[in-house]
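When the chains are written out, they are named A, B, C and D in that same order, and each has its own residue count from 1.
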């Protein structure tokens, strides 16, 4: 759906990372973790295109300021990288945005009995929080969070409040283990057994490494991709990624916006 | 000069008309009435060009918030007509702007003994207030203000506080006489005598009528023109108007931004 | 006052209003169906279709530029057979004319595709995209050479009896010559403009942003060029013109209509606002009503120069 | 670390840095002199000069468009004699190369003007604007026809021994053919792009906004087209290229340099920020310093495609 939204809060959670809460129609609660929103930052031509962000959290809060005494909200967690996110970061309570949401296909929850392993790189943690909230209701959840340095490790306390066990790795060792989060993950998998499902979101090289690990350990694994998007609804074909059967003659392009952003890793071509 | 300015206040003085006070460097006080500023509304490409506005007022106010205990300001009075002025109208105390000021040639004050007659159409009153403030120090000043309806008649009380005698005319008669301000002016001139100078700012047809009156009554008259501007400094040649000697063979184009915006009416070609 | 009449006709295709969706920016209609009422717009123009499925270009395929965007989708599409099986059934349920945008990399492809489309009753008309490299002639673009364009148009003309719209590329010295060539070769209508060829560079990577290096510029940035070309062509030809390029609002659309366009297409604006086409159509109706204009036709080419 | 070296040379004209001001957007330098240090930029290119004073077009002459602006100044200028008397004396006091942009409406005018300019020691080089209608050939624009362009360039070449820069119009099907024609005819360097022809319409008045109906589009909106053309031409010719079109920042300038430009010109940006050219030059220096690049030449054409 398309709706006008009011910014409720917009706070810096780590240098260069912001968490924004926005009003949303009640129907937004039908969204599943891994789905995303497209935000029109300004009602002008600069920036022109909408910006995509994973849903970080959803819910309802009690407030006297609406007739029914409560208000549905949705949250995003974003990193300031360019013009659009810079402008977002400058918004305040009461400012307005135009949103398309929820978009795309989210994560499939899988068997409750199975342990759930979440792997996030930097701001890739964003959709994993919403996911963890759902999964932790019925399953054991572990989070592996990676980044370049401690500033890239976001909202760990929030995950822990959900009962999620967290593992942290940074390139420079300023928080958690020094090294790649996928190394920490692999060490953990090697040391433990049992049936597990992987859920990953982060930079492409990280996802590729996770897919490799899933393959080696023969685990189910869903990854959430990024792609340069114009429409967000499967119409412009800007955001595509190669499906497993792709070749020049028999093209198998999938839209990250519509067929994804979450894909079982086996559905994709990882070259 | 070019400077960063902070909005101090931005209030609606009549439906669709705003008065904005902005900080300015002390050197701004050298500006003469009739000079203008070019405002960069946003540090983005939409809107792209600067917007020109006459200086409505200048001064210094006492404040605890600067080290020296005072702050120089400049004011503009503007009408919301399009994208740029709409954005200006949405600014608040504390917002920032980039200004070029003071630009162009202002009004020449003339002999103190002479009575000064100011003629303003709609927002053309803007530079006349600054002018009246200066002239009223030494001369008798009358203001003839015109507009389509009472909403277009701005800040009359402010003029009266300066000791200016005011005459109002509106097309629909909702304030003052019904009719054109130039008719009221001409009636006044016909009924009175003595040496007078005219100063006019407003839409081109009004200025043309005033120039005609000046001619008939053989009075000195300065008019302030508008023109579509890009540079504001005489470089792009976008804002030109025809000088009195203009012809295809011997072009005599004057830059409204640099040779004006104020011209003795005899310097211009009025066809 | 009576409701203003917005209906126009493009060589036999009756449109309830002059606002269509531009090829490649609106998928096959269905993608946008939850965001607007497809029966409130004039026509749906589908994504550029080819004879066989086409993979398109590697990614990145799009990038934002000042006031616009570049795309190098590479005309990825499902091909005519999948189009008939997967896309047409939905379009059949919508009571709005469907115009199929098509292209080929050889003359023969254009001809064969037009023949196949000619047999489909759901297809109200064809829009021929001639901004494609002619692989047989060393990649020279059909749409930048009047003779090559005339050849394509002539062939398609002979292959179909459906209304034939030719979509012009703006990357030419003389748009009027291209327009004349296409009309002489049998075009019933002209749509313009397609995208301007542009490029974006990633300074840090020292690489073009688009995998394809260059791409097509669309959006508000190109509106002045589009308006100029529509105006020039409208003075030169008598067939209806469909104006395209940076239309974001009813005002933009009406400017194209004043310049001589009988209808318009909304492209990039669909990305900013998925209901843009409907909003533009409604805005035109409002404008006519407010200004006491009974029929949109009173504005077509009404520019006073 | 040593200060990075920003100096470049355009066919014998030594520039302290690659940032010049574009013709028509910077007057004769003096207009901007209180807003920036004219000795911190690479060169000043003056407003298009003709043999006799030129009145230019009626107003309105400029209008803002999305991400850009249209201008139809009509090449108003004081003519060569007044230029020498009124404008050169100030420019002589500035220790920065002055390049004179010139045009004619006939071949003869170009030739006569070049001869006069050739005698002025203050003039470091000529930039020939060929985007002008050839009045003798029924208004065909010199800059859109390779043969006509070559003729103009050849004549100017024979009329001056100063460095000869030819400024290309983007309103052509094949910019590389134009570039080749100009280089073959004797151009020492090419600058591109001039403005794209566009139009704006006032819906309420049902009239073109510009008195001249059409005008030249400049500003950020055209950057992708300009980058693409600079890149295409840089692959085809060996003479230095000066990149122009929508440059607002050091990043923009560096993108043009990566695409193959030896220097750049800042145009419309001067209107947004009268110190833009100096800011861009300083930004390039910063970028080189931060990235440990000793000489700007390392970046010229360094795009990896």
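Note that contacts are C-beta pairs under 8 Å (C-beta built on N, C-alpha and C of every residue); 3 or more make two chains touch, one makes a residue touch a chain.
Not measured: the values here are computed from a predicted model.
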Which chain pair is joined by more contacting C-beta pairs, B-D or B-C?
-> B-D
Could you tell me the distance, in whole angstrom, between the mean C-alpha positions of chain B and chain C?
-> 47
Per the centroid of Cα atoms for each chain, what is the distance between chain A and chain C, given in Å?
-> 36
Chain C to chain D, mean C-alpha position gap in Å, rounds to 34
Hey, what residues on chain D touch two or more of the other chains?
-> 66-68, 219-220
Quick one: which residues in chain A touch 2 or more of the other chains?
-> 45-46
Among line, ring, star, complete and other, which best matches the way these chains touch?
-> complete
If you look only at chain D, which of its residues touch chain B in the complex?
-> 24-27, 31-32, 34-35, 47, 53-56, 59-64, 66-69, 71, 73, 76, 219-220, 248, 268, 270-275
Along chain B, where are the residues that touch chain C in the complex?
-> 45-46
Which of the residues in chain A come into contact with chain C in the complex?
-> 1-2, 40, 45-50, 98, 100, 227-241, 246-248, 250-251, 253, 258
Where on chain C does chain D make contact in their complex?
-> 65-68, 70, 144, 171-174, 196-201, 203, 206-208, 213-215, 217, 219-225, 227-228, 231, 246, 251, 254-255, 258-259, 302-305
What residues on chain C touch chain B, complex-wise?
-> 66-67
